[in-house]
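Dropping the structures in below, format is structure tokens.
One chain, subunit A, appears in both complexes that follow, with subunit B as partner in the first and subunit C in the second.
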Partner chain A sequence: MEYTADRSGDTLRVKISGVLTFDDHERFKSIVNLIAKGEESEITLDLGQIKMIDSAGIGMLLLANDKAVKESKKLNLTGVTGHVAKVIELSKVDQIIPIS
Partner chain B sequence: MVQAVDIEAETHDGRVPKSPVARLLLGTIESANLILNETTVDVESQAHRLSALFTSLTDSSTEQTDRLSELVSQIASVEYDGGQVDLVALPRILEESLEEVTERILVLSKQGVSLIYSLDEILEEIDELQSCITEIEAINRQTRLLSLNAQIEAGRAGEGGAGFQVVSTEMHTLSKRIDALSEKMRGSTAIVTRSIKEVISSIRTEYAELSEIGAMDLTHQIDAKEHLEILLNALVERNDEIQGELGHSTETARRISDEIREVVMTMQFQDRMKQRTDAVVKTFDVVAQFLENHPDLVSDESGCDTLKQTILDSITLSDVRREFGQRFGLVDQVTNASPPGDYDLDIELF
Partner chain C sequence: MSANPKPVAGDASAPIQANDARVLIVDDLRSSRMLIGSVLKAAGFTNLDYAVDGLDALERFRDNEPDVVVLDIVMPRMDGFEVCHEIRNTLKSDVPILIQSGVQEGNQRVRAFDEGASDLVSKPINAAELVSRLRLHIERRRMIDRLQRYQHRMEEELHAAESMQMSLLKTPEELAELTAPRGAEVEAFYRASHKLGGDLWEAFEVDEDRFGLLMFDLSGHGVNAAINAFRLHMLINSYKKLRKDPAAWLAQVSNDLYRMLPVEHFSTGFYGIFDRRDRTLTYAGAGAPTPVLIRGDEAIELDGSGVIMGCLPSAEYETRSIQLQPCDQLCLYSDALYEDFDDPTQSLEVGDLVGHIRTGLEQREAAGFADALVRSILGHFPDSMPDDLTILRLEVK
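Moving on to the complex of A and B:
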């Protein structure tokens, strides 16, 4: 997994690419820290470049959302297509995290 | 069974009409009457039999449709756990089970990652704790050095430094105890760190094993869900087809029943025929009676007029009466007045 973070106004946009599986939990933690410690109240996770995601990856997205909610911030997902869209639909994550 | 009748008939009281024409007519009428009567009875019996058969046919047709409906409803569901489970609902039930399993995998995955994150934070705190221990050890080393220096200085001071000698010795003892304590703390933190790393390693191994059997990437679940959706759509489509066919079958059965009822209604011609035949038979009876009672009057013009009137008076069916009236030249009497009990043939027969 790779990621880039862009700050624009009150929004933190994190673009994730590659695969998001259990093996990426250490690297993903830095994204969770960005969400927790950043000043921005809106966070967008762009999943458009993710080729594959497993249940741990979905678990990490939910953890990121938990952290955002705990910090009174809003998190949403974007670029949800293909395999990622199928997994998100199956896991009903779209009922927990807004998708734009 | 038609019995042979001698057309050279006798009257009932044994009197034989004098006129050979009258005798011939009397015999002919009696024979014709007998045949007509038997035919009427036969037709009536057969018509009733046909009606009963057609009614039975209607009942069978309705019963067959009901059985077909029952069969279709039995095919569409199975009995399970004391209740009926709709086959169309089965993929949905399986899908719900699949969703439940997926949800548990997700909870497990999330909790696993969450646990690792928490343990990482504890490890960070332990690192901080170990830095503190290192700092304490450095301070303690300095304290011990100071106590040694104090002991040396107390020795040089002689008796005046005896008290200070005691204090510096105690400080040295205290420093040794701190050393022992920090060593113990270092040992404890090492054990905790090792335990936490083992837990993290264990979680990592569990994930690796789950990944190997494909429980983590959810590909199987996605495939299963897609297959269930296809199955569900196919079952719904098949169910619709069966319902459609059943609807056609019911419609056909209804049409058959309607047509059979129509046939039964049509067969009521027999009733009309019977009424007409009875009217003709009655007419013949009147003629025969007249011939018997007045065998000599048939050659007389006024006698024939009396017979015409007697015949006409005995007929109650309006169209039969009209026919005879026209034949006898008594049209006015027929059109202007109807005998009591007259009824039309178009009345509701059943």
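Moving on to the complex of A and C:
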């Protein structure tokens, strides 16, 4: 997994690429920290460049969302396509995290 | 109570003491033996043994294996190289062996290592060097022993836990006893990726005409997932009244998981009820990999979707239903069957799986459906898998 973060106005946009699996747990923590410590109240996780996601990867998205909610911020997922879209459709993650 | 309790085996925090190590000193010259002995005694070593030549050394070694050997090379009857060779190759011991060698004897030094020596100490003896090297090797050896004991203990505990987890699962006989009178046959396969796993399947009675079949895949694998699987198993056997209603039952279990699991953990699930009276399967899914129904030449994909369990305080599911026919084969599986994270392009779509499922059904006589299915996909049955794998087959009679 790789990611880039850019801030514009009140939105923090994090683009994640590669494969999001159990092994990325440590690196994903830095994204969670960005969400918790940043000034922005809106967070967009762009999953458009993720090739594949496993259950631990979904868990990380849940963790990021939980962090945002606890900090009274809004998190949403974008760029949901390919394998990620299939997993999210099957597991109805849209009922837990807003998807735009 | 002792003020200094003896460290127990596997206690990784206990300090390593070298002074009580049993040292076998092998030298044909009495004066050399006495010199080494007195150096070691002065350094605090208390457990010394002496051998006067190679054969004597091996005899003493066999009687009472030392913790470390200090070995001379040139000796009558059997030289140091041969002793070293015997200890390694015949006695199969990896005890540290320190060979005494003069600095100018280059060939000897190389040969000493070839024969299995752990280290060299200079001859004539340098007291400080001898003691330092001895301590180093004793401590290293004891550290390895300790890690090996620890590893062995962990393996035994994992093995015991694995047996416990396997004992939660119904045997083929128990399955037959439940499903045969209810007009179906169920074959189940489960294997954890690392002894313990987070997959769980179960089948139970709903009433005399119906049985329930369920499958869960908890996020993650290994010990964490297994502990959650044990907790989940306890939940499964509660709520007997809700068993008739797949959506309500999944919702209840999900709500319990929501309170039980950390935020990043969840489970996918499938729960179906087969009714022999009208051969219907009533089911609900929670992110379950698409169940595949094989009916003659037809392949029907069931809808296993639904919000993953344990993520919402009050989850809702949809009960779906499908009319089955005699000889229908329903296949349920965990995602380990089709996902390939090392090479995402190798991951299979449901459509790709159908052909393999057919092959699995055709060739299941040999070693079961799961074995034939995995062989069809991978070309062989692997010794280990990257994720927990569960495969269930339900055949309508």
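Rule of thumb we're sticking to: the second predicted complex is superposed on the first by the 100 of 100 C-alpha atoms of A that agree within 3 Å, B and C clash if a C-alpha of one lies under 4 Å from a C-alpha of the other, contacts with A are read in each partner's own complex, and residues count from 1 in each chain.
To be clear about the criterion, a contact is a pair of C-beta atoms (placed from the backbone, for glycine too) under 8 Å apart; a residue touches a chain by one contact, two chains touch by 3 or more.
As the structure is a computational prediction, the values presented were derived from the model and not from experiment.
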item	value
Combined model on subunit A: subunit C and subunit B, fit or clash	clash
Which of subunit B and subunit C A:I96 touches, first, second, both or neither	second
Touching partner for A:K29 - first (subunit B), second (subunit C), both, neither	first
Contacts of A:R7 with subunit B and subunit C, given as first, second, both or neither	neither
Contacts of A:K51 with subunit B and subunit C, given as first, second, both or neither	second
Touching both subunit C and subunit B, counted on subunit A across the two superposed complexes	21-22, 52, 54-56, 58-60, 62-63, 90-92
Residues of subunit B that touch subunit A when the two form their complex	99, 102-103, 105-106, 108-114, 116-117, 120, 204, 207, 211, 215-218, 221-222, 225
Subunit A contact footprint on subunit C (complex, rising order)	217, 219-220, 263-266, 268, 286-290, 304-308, 311-312, 315, 335, 339, 341, 344, 347, 387
Touching residues on subunit A, where the partner in the complex is subunit C	19, 21-22, 51-52, 54-56, 58-60, 62-63, 66, 83, 89-93, 95-96
Contacting residues of subunit A [partner subunit B, same complex]	21-22, 25-26, 29, 32, 52, 54-56, 58-60, 62-63, 86-87, 90-92
